[in-house]
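Quick one: this structure, given as structure tokens, is what I'll be asking you about.
A, B, C and D are the chain letters, set down in written order, and residue numbers restart from 1 in every chain.
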Amino acid sequence: MYAIVKNERKPGLTILDVDSPKLKENDILVKVEVASICGTDVHIWKWDKWAQKRISKIPLVIGHEFAGKVVDVGSAVKSVRIGDRVSAETHIVDKTCYQCKTGKMHVCQNMKILGVDVDGAFAEYVAIPEMNAWKNDPNLELEIATIQEPLGNAVHAILPSNSPEDIAGSYVAVLGCGPIGLMSIAVLRTLGAEKIFATEIVEKRLRLAEKIGADLVINPTTEDVVKIIHEETGGRGVDVVLEMSGAPSAIKQAFKIVTPGGRISLLGLPGEPIPLDISGDIVLRSVTIYGITGRRMFRTWFQVKGLLSRPDFRNRIKMIISHKFPMRDIEKAMDLLAHGEAVKIVLEPKW
Amino acid sequence: MYAIVKNERKPGLTILDVDSPKLKENDILVKVEVASICGTDVHIWKWDKWAQKRISKIPLVIGHEFAGKVVDVGSAVKSVRIGDRVSAETHIVDKTCYQCKTGKMHVCQNMKILGVDVDGAFAEYVAIPEMNAWKNDPNLELEIATIQEPLGNAVHAILPSNSPEDIAGSYVAVLGCGPIGLMSIAVLRTLGAEKIFATEIVEKRLRLAEKIGADLVINPTTEDVVKIIHEETGGRGVDVVLEMSGAPSAIKQAFKIVTPGGRISLLGLPGEPIPLDISGDIVLRSVTIYGITGRRMFRTWFQVKGLLSRPDFRNRIKMIISHKFPMRDIEKAMDLLAHGEAVKIVLEPKW
Amino acid sequence: MYAIVKNERKPGLTILDVDSPKLKENDILVKVEVASICGTDVHIWKWDKWAQKRISKIPLVIGHEFAGKVVDVGSAVKSVRIGDRVSAETHIVDKTCYQCKTGKMHVCQNMKILGVDVDGAFAEYVAIPEMNAWKNDPNLELEIATIQEPLGNAVHAILPSNSPEDIAGSYVAVLGCGPIGLMSIAVLRTLGAEKIFATEIVEKRLRLAEKIGADLVINPTTEDVVKIIHEETGGRGVDVVLEMSGAPSAIKQAFKIVTPGGRISLLGLPGEPIPLDISGDIVLRSVTIYGITGRRMFRTWFQVKGLLSRPDFRNRIKMIISHKFPMRDIEKAMDLLAHGEAVKIVLEPKW
Amino acid sequence: MYAIVKNERKPGLTILDVDSPKLKENDILVKVEVASICGTDVHIWKWDKWAQKRISKIPLVIGHEFAGKVVDVGSAVKSVRIGDRVSAETHIVDKTCYQCKTGKMHVCQNMKILGVDVDGAFAEYVAIPEMNAWKNDPNLELEIATIQEPLGNAVHAILPSNSPEDIAGSYVAVLGCGPIGLMSIAVLRTLGAEKIFATEIVEKRLRLAEKIGADLVINPTTEDVVKIIHEETGGRGVDVVLEMSGAPSAIKQAFKIVTPGGRISLLGLPGEPIPLDISGDIVLRSVTIYGITGRRMFRTWFQVKGLLSRPDFRNRIKMIISHKFPMRDIEKAMDLLAHGEAVKIVLEPKW
């Protein structure tokens, strides 16, 4: 089959004709009908420091956001059938570690990630464990089906635990309007946030944030984020901050705009340690901080499904898709993303 | 001043010219600009068994849903000023009992209720404790400002505690489409429920439920609620039931339609004990039940305020207002409510 | 192998020489080193209405509380090894239903129970799915290892959800001092409850409740439970009620002794519907009710393990074991339990 | 009356004869029967950078940990009577800000602190607002009554929110064994923690930590905290870290010893910004961080009261009191604390 492969430990990707995945007894085989590109894929393409350190399997079929049709199932598979439409939870877990046994599979101690540690979905076929399959409504548009996984990240950042009551009627700031930041805005609108602030340095994305539902957008390169948010909240600050950028300056702003007793979800990944004023910004202001990775398995997926049942929400989410390319144009797609000219790119299995 | 007064221990109400409220040092005096009728007021008008047992202060100015303008403040008042626009949290609490000291003021052991235990708001002026004042945005339409209190009941039933995550992407059933049931539907739509079922025996209200946002409405006099909901949820049942009717048959349905591990909020008040299958319906299915009274003080009010900031939500809520009358037509208004021909009636201070 | 078998649909049990369990690829085979008798086993022995209705597999090896040594593992088993010491979570779940996928495996829609739906542990060997194995510390005394499963019920009733803060410094009442009620008292002592009330009609068990750590024991046949608890709590009532008896009178008391805004865990199984004053006892007092079945998989097991690490706690728990018998004396053991003369009986695999 | 006063903006304290506090209508006047010294008091005595920046009222009667007898009450006081025994919640709040209105009084936006912003308790008499009074059991020993406030800090750090279930059966590390760290160990023992690790650089305090109930004590100057804790937890790490030292090295260790998905309470106050590896230590490991200040008003106080009802707990807490001095020896007491030779010093009102 054709696949987009990291073939050598250097920049770039290659389209190759490789063997189809071998099916283990607990796996299912999916014919990929659509896929989409995550920031992680761009890192692997660029072969930056993170990728050099993180990727050990070469050659590697990359990609993890996708949707497709089940064409075969292993002998032990019970809950998925040939013909089912599925996407995938991309965290492959051991089911037996302490985290898995206590409701925190998304931080399994022996986690493998699709398209990072094992062969992924930018291919004609992909094999995943039965338990990672998420059955899609056959009527769900493919371009939405493929981006449920990052949408789950957004939902998880907003509802990180069992006590997320503070969205209804809350002030929320989204720092960084990449795809997950933008998705967060759509989710916040749907969950009843009172006021949504969004910051971003790329003007085009700010305009998109506005269109998707942000009440006020701020460009930190030209405006004073902290001052504006304090003015707009009557000095109270925001109840919830979603830090989606990983930028050191945004992380510092997060602590200056959150109301005492409020909460911050950290999802963006800064490249280096950030000095934090623990005394003044965390302890004495009683702030709660959530590190966000992955999605709750599978509570978040049900939340995503429920949100997607509303046309209004689906329409907001679709605005995030900026381009569609055939798989064969992966190089062009990566290039656009690397230059900040695309938001979310959907790939069609045309080789 | 003019006021609508329960003057004798028998059916009916009288419009009287009475003394204006005397202001205590922690109180504020409000000129009533709008009010609205709660089911409780109808009970007092009818002088039914509940009212006979519950009401001890006669004469009593009734009414508790209102909005108005502050015209005077007691000497110790700090946070409210003359000219402020306010509505009222109607639970007047002692601030010192165990419940008040541990975040549960809404079940204060020495609670007094406005218009039930102390003189209320169907009058030219009403006095309330400073801490019960809720400041309104001066731009909030009066007819919405006055119904924030019952809207708070709806929000509290939906978000009864610190772990209400199950609304986003959940199946929810609202049993009973009186004003609070209908408001719940609007709130559920705004919080991202996946599917909202509503039951009601009055056809006109069912139609309204649909218009406000229920996905499927069911008339239990002609349809099989339990069967339909199981079919429509693929056998799973609903995650959340809001029992708003107090009808014994609805309470029984609640336990038959909730998914194992789901939750039921009970707000409707049945007139007599209801036999429950504790073993089969509660214990073995691990169901959680919340008794709902009042609103969290004042978390729920902030949630209400936040929800009302969205035009779409305000529009849904306004559909619940079926009539407007001058105060002098209180008898006509009560009559319509008693015969089920009105939903929410707004009163204007015209005497 | 020898096993205690329900061989016919009538009262009694038979010791038979039957085939050892056949091992499936995801199962483990355990040599039973100790077992203990649950109330469920007594019902099956008696062949009462519940048992007649519930049991469909005949012949059935009964029993589910046990500990033993792994002697064989199926081909797909990864996390358990021959030689491991284990007990079992007795709820065998499908892992794929809505409940299993959202952190509520203990109410799986397709649950099978060991010794009830499939062959159990009152035998020389028992087979269980790998995922149901709970590894014991090899130094844990066998008589404690076997009663971890019901101890998990007690812990689950006390910590039913993610917000159980109210134990530290709370007033708690345990209604019914059977084994799980008594275990609850030991747990409550270890979690920092301020005052523990216990009710029970069998005097011997009341004395045991006192010894294990109840602060005040009350016999409802001769004393006024509601009055005493109100006096002893300064009129406040208790924050938490654990209803462990299933007695209609106790269930009614539960609602009369709980403080407004408090919570009730229902674990006891009444034989018939109980009329509840929903308006006065649940809605207007804002009470929360948790139906309790099984244990959270496997958060509760880790909690049990942690509690058992303290010698003081182990000593309290051991007091509950009233008798030890060889398996061959099952009839004698059942007889003592049926006549209320035993509390928890441990069985040794002597045939 | 006599009082210990910060009289000039320089090191030291003076015992002066000053006017007794004037009683406002919502205040109560307390005759101080016992007091104790907090680290904050030592800072003010030393007049270090923090004190120079934080203290604006001079002269200032310092001190906030105390217990005493009510000798007068203001005209509006209802819930406290002359003769009552009280201690004080030392956070004086405005009751009207967003935080106060939504259950987070402990981070009131206009908070004043007793003995820091207003005259405190190292005096013959102290005046506090009625709502800050905590009534003590008259039988509670004075030396315990006075240290309930810091004990509340410990409880709040351990139970920071409504979802603190993870103490029962958890691994916990306490970093820093000052008075609050040591109190935490006592609380953890009482709440059912499975294993308690404690780190501290002063050997004497490590021995005390052991005596109070730590399972393993580690001196980071001579031992490898991270390595030892990983070994002792089978590689899992601890579920909960309580950072009580403010030392940069301990804060870094906190992130290395917490299990993925675990939580860290930060209470210690580092003097400068600390660089944190947000990507590796917080986001990708899904860690939750709670900034801890003050106590929940007044849920934490009820928890403290409940815990103190157990003799075993009281005995552990008493071990923390290393010295008793008359007020007149304040200089000597401060000196011992500044040199790390005392843990908690109780002051008797002898002048």
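As a working rule, a residue touches a chain if its C-beta (ideal position, glycine included) is under 8 Å from a C-beta of that chain, and two chains touch if they have at least 3 such contacts.
Please read these numbers as outputs of a predicted model, since none were measured by experiment.
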- Note on the structure: Chains in contact with subunit B and also with subunit D, listed by label, are A, C
- Ranking A-D and A-C by C-beta pairs in contact puts on top A-D
- Expressed in whole Å, how far the mean CA point of subunit A lies from that of subunit C is 42
- Query: Among the residues of subunit A, which are close enough to touch at least two other chains?
  - Reply: 98, 161-163, 299, 302
- Query: Which of the residues in subunit B come into contact with subunit A in the complex?
  - Reply: 155, 159, 162-165, 168-170, 187, 190-195, 299, 302-307, 309-310, 313
- Provide the residue numbers of subunit C that touch subunit B in the complex, in ascending order. 98-99, 104, 106-107, 109, 160-163, 236, 246, 251, 259-261, 266-271, 273-279, 281-294
- Counting only contacts in the complex, subunit B reaches subunit D at residues 25, 76, 78-79, 95-96, 98, 101-103, 131, 161-163, 297-299, 301-302
